[in-house]
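Have a look at this one before I ask anything.
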Amino acid sequence: MEELKKEIRKAVEDVRRTNPMAPSITNTVTINFVANTQLAVGGSAAMIYLPDEADAMARMAKSFYINVGTMFPIYEETFSQLAKTLKETSIPWVLDPVAVGIGQLREASLLKFKEAPPKIIRGNASEIIALCGLWGLEGGGEGSNVRGVDAQDQVEEAKEAAISLAKFTGGAVAVSGPVDLVTDGKRVARSYGGSHYLEKITGAGCSLGGVCAVYATCASPFVAALTATAIYNLAGKRAEERVEGPGSFQVEFINALYTASPEDVSNNKLEVEVLL
Amino acid sequence: MEELKKEIRKAVEDVRRTNPMAPSITNTVTINFVANTQLAVGGSAAMIYLPDEADAMARMAKSFYINVGTMFPIYEETFSQLAKTLKETSIPWVLDPVAVGIGQLREASLLKFKEAPPKIIRGNASEIIALCGLWGLEGGGEGSNVRGVDAQDQVEEAKEAAISLAKFTGGAVAVSGPVDLVTDGKRVARSYGGSHYLEKITGAGCSLGGVCAVYATCASPFVAALTATAIYNLAGKRAEERVEGPGSFQVEFINALYTASPEDVSNNKLEVEVLL
Amino acid sequence: MEELKKEIRKAVEDVRRTNPMAPSITNTVTINFVANTQLAVGGSAAMIYLPDEADAMARMAKSFYINVGTMFPIYEETFSQLAKTLKETSIPWVLDPVAVGIGQLREASLLKFKEAPPKIIRGNASEIIALCGLWGLEGGGEGSNVRGVDAQDQVEEAKEAAISLAKFTGGAVAVSGPVDLVTDGKRVARSYGGSHYLEKITGAGCSLGGVCAVYATCASPFVAALTATAIYNLAGKRAEERVEGPGSFQVEFINALYTASPEDVSNNKLEVEVLL
């Protein structure tokens, strides 16, 4: 546990020191919030849509973030290209399978990503279960239980699916909810804190994925996902104490990401269960 | 009037209790603000672009929001599909005819929507007059008097067009301005409050349309449009008292939407004129 | 110098009095922030994607803003159309060559704009050097030194490229950095102030381009670029004094743009070097 805390602290510090870029293809709803959270933790952001630009950025970067929240027609080509490039470069990349189950291109894209698997998958419980099902892995749901972007399942109900996905990708899976679950298939960590306001603003989940990608430039997938989750839980808790509504929560949340010390992030309440 | 106030109060409460989803196709400029206002009043948001996703979401939802502020090529297909789906499901949907008169696809799309008419139309005075004209209804303007997204006409000048559109759709029309006008073709309500800052931020109108769609999941079009307008006027007034500029106005406005009590919304100044 | 200050003061006042519209094609990451800054200084915003809408807006407006931060396939047509329209109408337009060097369509578009040159170019040092190189002008860099959206060069290293571009366009070039450089090819002005937080939020540069376009409706390119730069430096400085992080910086920055007096903007520290 102390080793893990040390790695979390180091991830926070390394990102602040090196200002790493984590390019994204992400949805238009929360794209600004994603970029601002990536900058607030010390990273750099760049968003693209076109196949050749995605290829160029993936070759320049140490990680990549794909969030399928809003699909455009060009993504058919862009995601085909990216799947190839990401497989070739084997940089760690982060997938947020938003609204898996809605639309043919989204489903086809998510299936394609199985062949160049992400090192971090970040989603709510319903999305994790549905992606696990779509990929034909144990613990996956049949059909979608996703209502647009909202989870209809509890975090712990997605535990088996998350472990299954982590074993398949060889990376980590983060399931967001009141208590966040992060697993690498061998350990299941639970991260505490956050705020009820995180459900009252759009983009809390999307931006967590983007911040995972920032930490993935400097840390292992499991540590990156844990660090991102921990700083989110810490910042959410701190922001909630200062605000009267979701408008100012957004503002204070970004401030709290920016001001969180490496020690405080690593000391945010965390429990680790070792799987047998 | 007491009956109307009761229905407004109920709409505010029902949305907070049931957290209804109102999916949108909306412009990229204010898409984040639309989602955050929908969440602030207690609803849920989901934005899409593709035809089959629009179809899927329209079949899952109890209302829908279409804002034509920024047009993409794919909308030719998406709006064709949606016009069919919305006609078939006959869920109440909300149209914001932003910048009607600019561009062929926008005009063609708005003409197509005449065949599957929205139950709520929300616009500024110039947009309401221009849409009424485009649809060949009495009270409509010849040609466009729209300057991009800004109104060049006064709210009261759009009264006839609003009534005409409401009679045609069988729903409600909300004309935004210093004093908002909402009509169902039989009554004309005027809602007071708001803030001059609402014109100094982008998305006040767009997000009002999105919030109308949220209330339309639980209330009649007229009550939904009135409730959305009332909570906007109340929140605008309250936010203005606390801020020194449009930056903090955005923040406090979201807070005020979130904290407004059903009683306060229903008691926001309202006058109703019965048409003979 | 006094003459210049008077012109800056007048630009601030004229925009507040006339509320001019400056339409944009701009990236989806910071589109909301661009619009809100344009409104905060007293202008009006409208964003479009399609060729015929771009043509229509360019014909209605007194200036135009093109930011190539996020490229869409339709831009091949839209930018072809716009290059023609902007040449024909010869309204002053502003170019932000974000991430020049990444992607074929971006490069082809930026080359096309050489034929209908912008009256203001706004970029960071690396982008200015790279654009100058792409256009084959003296002082330009060979190949790109752009890392996504971040500058890898210092402002003063872009001085020659900026002068070269300004001479070619007959307009002004603004290089953003800790000390901003603005030149019309005959004079080099340096504008002081700003805040380190401007690098910790996304959109500071993009929105500066949008605000340049607003002032370009009322002032010469050099004065417009100087006024926009000055109000940014002033607002950045003032906002920084009031905040604890980048979240509230965004809010206070918009407030400060809104409340800055014409006198304060014209008195913001400025040095002018006359080129021989």
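Just so it is clear, A, B and C label the chains in written order, and each chain counts residues from 1 on its own.
We take it that a contact is a pair of C-beta atoms (placed from the backbone, for glycine too) under 8 Å apart; a residue touches a chain by one contact, two chains touch by 3 or more.
Since the model is a prediction, treat every value here as computed from it, not as a measurement.
Q: Quick one: label the inter-chain contact graph as line, ring, star, complete or other.
A: Shape = complete; every chain linked to every other.
Q: Taking all residue numbers at the chain A to chain C contact, is the shared part over half or under half, that is, same or different?
A: Counting which numbers both chains contribute, under half are shared, so the two copies meet through different residues.
Q: Determine the centre-to-centre distance between chain A and chain C, using the mean Cα coordinates as centres, and give it in whole Å.
A: 33
Q: Quick one: which residues in chain B touch 2 or more of the other chains?
A: Within chain B, residues 28, 31-32, 72, 250-251 contact more than one other chain.
Q: Using the touch rule from the top, collect the residues of chain C that touch chain B in their complex.
A: Checking each residue of chain C against chain B gives 21, 23, 28, 31-32, 35-36, 39-40, 44-50, 52-53, 56-57, 60, 72, 74, 250-259.
Q: Quick one: which bits of chain C touch chain A in the complex? Just the residue numbers, please.
A: Touch residues, chain C against chain A: 27-33, 70-73, 99, 102-106, 147-150, 199-203, 243-248, 250-251.
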